[in-house]
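Each of the next two complexes has subunit A plus one other chain: subunit B in the first, subunit C in the second.
Moving on to the complex of A and B:
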């Protein structure tokens, strides 16, 4: 089946799923999975297409969830307006990180982004206003609730809205990665020296990648805030950053669709296993290291490589067979 | 002839070692110049400083009368100073055609940011460099000879007025060397492109250049007109 066929079949299956299994818990798991898959694809714009391996991508995601909560609850903005404003807030947060990270390369980008996101997470987790537990005026469960225009959204509606959001954002990110700008970002990821010698202002383009990737992460964050109904320090957590990076590495960096599939699979698997957060982070970090070391092309890249080797082997076997028939 | 590039008192050091020391040189418009010298004399460092890959510790560089001393390599490329590398660094996943699109779109960045060069422009350049039939091959799969040809084509994409060619003919077959030399001569004669050709091969420099500079221990010791 051609590649688009697999994709269409997958989307068709997901469209039918609520009709086949209308279990509210499963629908909730998948709804969250769709939003996190879109977030993983947004990591791929920065870390895969542009090659800037960030370990702090939760920062723009969390900035967007908090922007949604603060603007809708404190400033009294209607939720759609707050969600729309959260996207440029996330892009600005990403641009700020990009300003610091763009002159760096390789592991220094990973270390800096990890440190910045963890600092933001610590601030949010330790601040009574942002994460006040229990009795604080925000109400009971910690974090800041989002003022949503609905009280209890039916699981079907959330499921289909999140699926539509995933399809739309993935399509937009694919378009971006295949555009002229995406080509230049892939050049920078491959060889920054040759790209610069070809006239590419690499710092400016890296900054652009951070901003665009963060804007998409912000859109996923706004969707997540709408689904969960509150912004918490967990939205800035190390686990989210590692989850996105690992999904992209396993799914195939720079492919956009690969990270979406891998993120959905990881989310479903880890929800089923019910592991504590610290173990999940360890699991993601271990998978990330093993993948980057032994399968740098991810699942998609490894399958392509094996298929290419098999084709070469088959080709040489056939030509040997022809030589044998012709004789000396 | 009108002066194209003027470097005055250029100095550069690495880890406390002076690699270039008070280098002064001038290249006229359309002038073919050779740079010769033993290993470690500072030839590649001079190419790096003139192309903007590294900034000098002292001295100044002017291009067409404009001070470019602090401009980075990409900005100098867009002004018309292009270079090739002694060891090519190909894009691992991009095809030859895509690599040329990157160079052409960046060359016109001021007018059409992110836009790709036209197909005809790219194919014309690849045909001239003898890479037309490899245009859909990933750069990382090219042979050394083809990689050098691609370096050449890439450097021509901005319509350069000065080409800095660092050991571009090393490790090439005789046929590849002849082809690239013909391409260089045609860019020089028809396009009026000046070049600074760095090589260990004195015979080659004598055949391609009008003037040869001899660099030793970071200083230009001699200059000879061919």
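Moving on to the complex of A and C:
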């Protein structure tokens, strides 16, 4: 679908966009969209490529934003150092989830990841951290502000930084999903039993998928903390995990680029129309239910199925033609 | 005076009504062989219906009847149009039913607002030891126990045979002339009605919010993971135990900690018993 130059043309348009329209609001919407699209792609590494359907992918994302906020604000680390530390924190959180989820199969992975992320969300929403000097309480629903080295980043700079981040992380995830390891993960997603029979240590590879996907989610979370400047309980919410799963289901699970395009399109459309958050979540949910109803294997999976069926029919027609020619 | 007897009694009442909801979820798992993550949304739907009825002067357990009817209609629609066609795909079911739950939560927020609502439960009776016996609680407990008794009777009698046969082997059920698809979506609708009835009965118990259904959903998940579909009695006792646990956590810590405690129980259960808890449809994809 994205073969050839279409992707390059899209990137070119996005590079050109800030030069055409100086509207700061639209730039801000797209900047957030780039970071969430990278997050959706990281969902796809776990849920699409490796086939471990997680409904708690917000956990590593939120772990990274909270790590950024706590380390920079309470521990006084400079922001780049805190952001660099947030990625391994997210990867460790993902590895912990993976350790528990790896022996499970099917919907139980979804249940477990959902339960863990919801527990983290409740704790973050209810817990108040005390700041050092002023004794002023941060945390709870209001979240914790991140100490950033800049006061008001120019929207242009944030836009191009986020776009660069999206391109870089998508390229890295694409490389990972097409590597030998990615192929093994796809085998596990296709049939865990067959993979195991071929000598793949599936628990270790599932753990790897959770760790790598969570590290990328953490990178997106660190970028989000830098852009928004605040870590809130919403970063750990079920709605965020769900948005990523929706983008992946519509864009095509296992394609990495598809979820990026879908997430960016949804975010730009729904946020650009400045709908209230409740309507936005409802739109996501409706899109997902309709998609799953008519493409239960995901859009990419169903299209691939139909293409395979057409190819088989074409093949049988061609072989029949050949037989006719051979006949008397 | 120790607050413990009061907490235990309230937990017992709440747990009895949760059992009604959990039994519905177990029925869906047994007959339709899917995990329904939208079950909590039907619970909140029931509570909102009870609130709307109370605002119109119909207080008390009578609200459970319209709540169940509305939920049955939506449940049949969801079962027929979404769950049945998508049930063989392991990705579609958990994500799709979660989508349905989020859709309801946001719709409820638009319709009734995000702030908590309350239904007046009436004056409690004074019991022994200074314990207040809440009327709605006693009614909810007795009504749920009666409905569960009816379910047990149904499952052990001739009209309940299609449910058990479809749960056991759908091909044999189809070969003896049963409409398997209809059994599935009717079961789904009936189970959703049970969740909504539980929600309507428990509406006076606490704040009615769009996300109030998440705690009973997690509680039901624990119950079906441990007890399965077969034994209605085990579902009942386990729900009461978890209802008391939730109430104890809510009193001694804070209400949101009872949700966290139940989430931790689910995670621990899944981690401890990873293989073959119950059979679930979906080997394709």
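Here is the rule we use: the second predicted complex is superposed on the first by the 259 of 328 C-alpha atoms of A that agree within 3 Å, B and C clash if a C-alpha of one lies under 4 Å from a C-alpha of the other, contacts with A are read in each partner's own complex, and residues count from 1 in each chain.
Everything that follows uses one rule, which is that a contact is a pair of C-beta atoms (placed from the backbone, for glycine too) under 8 Å apart; a residue touches a chain by one contact, two chains touch by 3 or more.
Computed from a predicted structure; not experimentally measured.
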{"item": "Between subunit B and subunit C, more extensive residue contact with subunit A", "value": "C"}
{"item": "Partner chain(s) touched by A:21 [first = subunit B, second = subunit C, both, neither]", "value": "neither"}
{"item": "Which of subunit B and subunit C A:200 touches, first, second, both or neither", "value": "first"}
{"item": "Contacts of A:100 with subunit B and subunit C, given as first, second, both or neither", "value": "second"}
{"item": "Complex contact set, residues of subunit C against subunit A", "value": "34-35, 37, 81-82, 85-86, 88-96, 98-100, 102-103, 105-107, 109-110, 214, 218, 221, 254, 256-257, 259-260, 263-264, 266-267, 270-271, 274-275, 277, 280, 282, 284-285"}
{"item": "Subunit B-touching residues of subunit A, taken from the complex the two chains share", "value": "179-181, 183-184, 186-187, 190-191, 193-202, 254"}
{"item": "Partner subunit C, residues of subunit A touching it in the complex", "value": "47, 53, 55, 100, 103-104, 106-108, 110-112, 114-116, 118-119, 122-123, 125-126, 238-239, 242, 245-246, 249, 253, 278-279, 281-282, 284-286, 288-289, 292-293, 296-298, 301"}
{"item": "Of all residues in subunit B, those that touch subunit A in their complex", "value": "51, 53, 72-75, 77-78, 82-83, 85, 88-94, 98-99, 101-103, 105-107, 109, 114-116, 154-155, 157-158"}
